[in-house]
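The structure's right below; bear with me while I get my questions together.
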């Protein structure tokens, strides 16, 4: 039975929604099932017709597709194209889908054969360079984060259902971190990518006294030259900074520019 | 032990329109969208009526002022009042769907309740302009804030001398208020419309506003130094060209009025988003004379 | 103003009298890499937590009076109609125990904009009216340039102000409530020796200011140097992160966000403090950005604080606490910037 | 009843499990022609990714092996590093880590039992379909899960991919008042757990068993979760760093996940293995529940893994209450030790919700990883699942069950193992 709801006189439909996963830890889908206190209200907004991790007999008639994970094999590429064909709105869910995620760290080895051998020996295994969804299809909406933040997903989904525009913060994590009254981790001798990473996580890591690892990718105007200077002046090894920048894939083009 | 007494700043009064009153900050009039007309693909004209009759009677505004319109949970934004100041509390807003709030507004049906606060800002000094020639110059959506002073002037047509409206749009389909041109002309107004990208049916002039303005200035003997006022509304790029021409023709800067646009979150001189220096577009503007504009960095 | 003196060990009595209220004061938060203590204003639960000898807090006390996020109104929606509710979010007076002159001056400056005369902000005013402020004298830090801004002393905006004379406190009393509370302490009139000790201490403090800003003719210079290339240099450093505005006691810009609850029957409107350094600060509908590059935004921050505000209120919107410079990872400090604009040279 | 059955069941991307796996059962004239469990998940090559990375990257990266048991991966990674660098965590750190782990175990088991398993017993496709007819149960599951997740947030900073747990200790300690509240909430959750026991007690667990070797950590008085010796029900005993001799991974051609064997062609890890091997170390309450639900060591019915998880839920809640009391009984100590990297290797063996997990890293003198190995419980179980499927198919073929029932039971069997496939193909 479909309830029809309205908001300010505008009819609000429950969009038929599917969740899919490519190569990932499936943590972002798990986050969807978290925040139990509001889970039922959340589920009420969407008509979930396909969610393999949680349900059998999924349907392939959906309007919104949330796709978690990155593409690492030809069959995933095919699946993704199929999903794109069906979905009106394709949402990249989490950093793997948006940037390749931790998976793309294997791309840093030029020799894919070595990578295979290191893990599987001589056993034949199929894999390709890890790439984000946007390398293959048009992504209508990105939800950043490793993991995604349920609060943010709730807001985005509500806006999606209402037809409100979805604007990610353009500014870096520092803004949220300082707003939370944290003491900057650089003062405590820890590296942090807050100055260049897109906000929206409410400074999740710095709030816990852990420097940002940049899981949400770059802010709209990320000043990498200055970041490098800040790291240098705090005696943080270049490699430690690069480790963080390359961790989730969001900064791959920035790293390319930096090493040039 | 409680040594300190609690001071409540909002005692009992629920509503007030006095500018300096603390209660006026977050309070708004509830108003109903009584009709919606589509003017073009992206612009709609909304008639809005303040529900409470006392509030409606009290609501007065001056031409050029704006209101903050709020859709609960969706957004709030500044919109110029585009109707006659003599029609209390029955407002017309012409709104282009560009973003979150305005696109949602494009979907709401007649009868929807909205929040209105204001009026805010400075106005065009139409009384000062009496006994003079008027040049009303609008580009694109700029015709919207121009309509309120135009109504005021039309209602007192005899007090003004020659009135010219020069209105430019990108293409004929973007022209607003086409149904009113006839009526304006009946008031002995020179209405010149120019488009940049004509369609097959277009018969009028083609080009930029400045071309028509050039002709008009020429007709005035290249001298606007006496007895002319200009009101200029449009996108920031337009201001430079138009105002420079007017100044070159001798029109004193303090007789050129423009309406500026900025992002606004409060309309009350608090959020700082509309600031130019410490000048608030919402309090000290949106209507400025051109001298003030030149004195503000990055104003246009 | 009334001056009194009370014995140093009676401070705790003063604390005890006020402890029944929400009490905010300087607290130790940690130490930085160089072993320097870092302080924050926070709720105090016991007298020992209160560190009146603090250097300066990393963040200003803004979060208590102009919180980074604040709900302005909420809505309940039913069948096409809606009801708007406004809750100013103050329930109890707060005691602020241990504000430095710059902190109090910062509030006084905010008052100019936020408490009137046009559209006073009731959220701010409500909290402001319910503050009981105990000021305390400070010892200048290397980054403090309040003396240049004329905010090293404070004349109003507090209830009482303490100066530690060694074994006793010299107290300036500015409100009847403060006087009333102090009568529970063994207060006495200051003696001639107390006066001299006070003046000595003030001289000593004055001599400790090392950081300065030349403000003379600054409004004009800022205007004249609007196109100066130094701004580009600073712009290259700035990360557009907004930390400077976050920690600043006088920055008050904000943005508004509207939220709809998951059940679509409740909505809220929230303000979030913003910063003019953030990339989309001056973006308007249609995507036009009046200040698209970091240089123009950084310049705007100075322009607003040291020219625009000066023009409007005959004082700068800056108390010289140096917090923004301390918070800025790029090392952009007010004295350096202003100096560079004067000298047309950016320090390396 | 039919005389002899024919069927060809192919289940692609089995639902309500983590990751991607296929079941194939082909029966001709009552004879099982083929029965298999194939893991088709795409590998992500974590072991290669780690090579060349500085030690501090390992816990951050390895947590991302699995979203459900990210806390365990992080802890295993931390333990491997600490073992390599010769660090001994303080008692306080150990307690906090164990408490954090308990929160994950509780959340994972509850998620599995209610969201993934219960729909089968209640005849539904998903937990979403249970919301209306079984509102109480779903709400109860949500309550328990919320409690566990809140605990994870409080101690780890984040319920998945925790932030505060680092090599040497914690970056931040939980607020003491909140920790006390967590303790109260855990006590208050006991009735919900009892009702869960009632619910699962009312299900009829399929009658199937196949003699199996069970591998787990060895108890030293306490029910083991983090580090220690390795033991099997067939009598094998190894040290933590001899894990390779316990896991014996190898590749098979129909699976991207590795397989394992020990004394027999396959073995099992997980809740059932732990309960079987360390029954006496369970909290008495948990032992009582096990008795009530008919779980006695050594039990060889893989479907009883669900029950073993439930028994563990009771154990971890009881133990968490105890740990919180211990933590609150002492003042906070130093939170974090300084890390001094040295060349060498270290192993971290951790009992995670789905079984025994090993991380092992080799470091150079700068603390850079030169070789990494992660052995995941599900890959140790895969072979066992496979042989169980064969045995189950044979049994059902002999009983002439219909397609639908074979399909359902095969699915339920795999689900009972709670496989974490993306984890196993990391």
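Labels A, B, C and D are assigned to the chains in the order they are written; within every chain, residues are numbered from 1.
Convention: a contact is a pair of C-beta atoms (placed from the backbone, for glycine too) under 8 Å apart; a residue touches a chain by one contact, two chains touch by 3 or more.
Here the structure is a predicted model, which means the values were calculated and not measured.
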Inset, instruction - Could you pull out the chain whose C-alpha mean position is farthest off from that of subunit C? - result: D
Inset, instruction - Would you mind telling me which chain pair, A-C or B-C, is linked by more contacting C-beta pairs? - result: B-C
Legend entry - Whole-Å gap between the CA centroids of subunit B and subunit C: 37
Inset, instruction - Measure off the straight-line distance from the CA centroid of subunit C to the CA centroid of subunit D, and report it in whole Å. - result: 52
Legend entry - Inter-centroid spacing, subunit B versus subunit A (mean Cα positions, whole Å): 42
Inset, instruction - Indicate the residues of subunit D shared as contacts by at least two other chains. - result: none
Inset, instruction - Enumerate the residues of subunit C that touch no fewer than two other chains. - result: 77, 80, 82, 259-260
Legend entry - Contacts with two or more other chains, residues of subunit B listed in rising order: 72-75, 99, 111-113
Legend entry - Touch-based graph of the chains, sorted into line, ring, star, complete or other: other
Legend entry - Full enumeration of touching chain pairs: A-B, A-C, A-D, B-C
Inset, instruction - Over in the complex, which subunit B residues touch subunit C? Could you list them? - result: 1-10, 19-28, 30, 70, 72-77, 96, 98-99, 102, 111-113, 115, 236, 261-263, 265-266, 268-273, 275, 277-279, 283, 297-298
Inset, instruction - Over in the complex, which subunit A residues touch subunit C? Could you list them? - result: 5-9, 12, 38, 41-42, 44-45, 154-155, 158-159, 162, 164, 170-172, 174-175, 177-181, 183-184, 186-189, 194-196, 219-223, 225-227, 229-230, 233
Legend entry - Residue ranges of subunit B in contact with subunit A within the complex: 71-75, 99-100, 103-104, 107-109, 111-113
Inset, instruction - Over in the complex, which subunit C residues touch subunit B? Could you list them? - result: 17-18, 20-21, 72-73, 75, 77, 80-82, 84, 86, 88, 90-93, 95, 113-114, 116-123, 125-126, 129-130, 132, 177, 180-181, 223, 226, 252-256, 258-260, 267-269, 271, 274, 276, 281-286, 288, 290-291, 296, 300, 303-304, 307-309, 311-312
Legend entry - Residue numbers on subunit D that touch subunit A, as the complex places them: 13, 15-19, 42-45, 47-49, 51, 53-54, 56-57, 60-61, 64-68, 70, 111, 115-116, 119, 125-129, 131, 142-143, 145-146, 149, 157-161, 163-164, 166, 171-172, 251, 256, 422-423
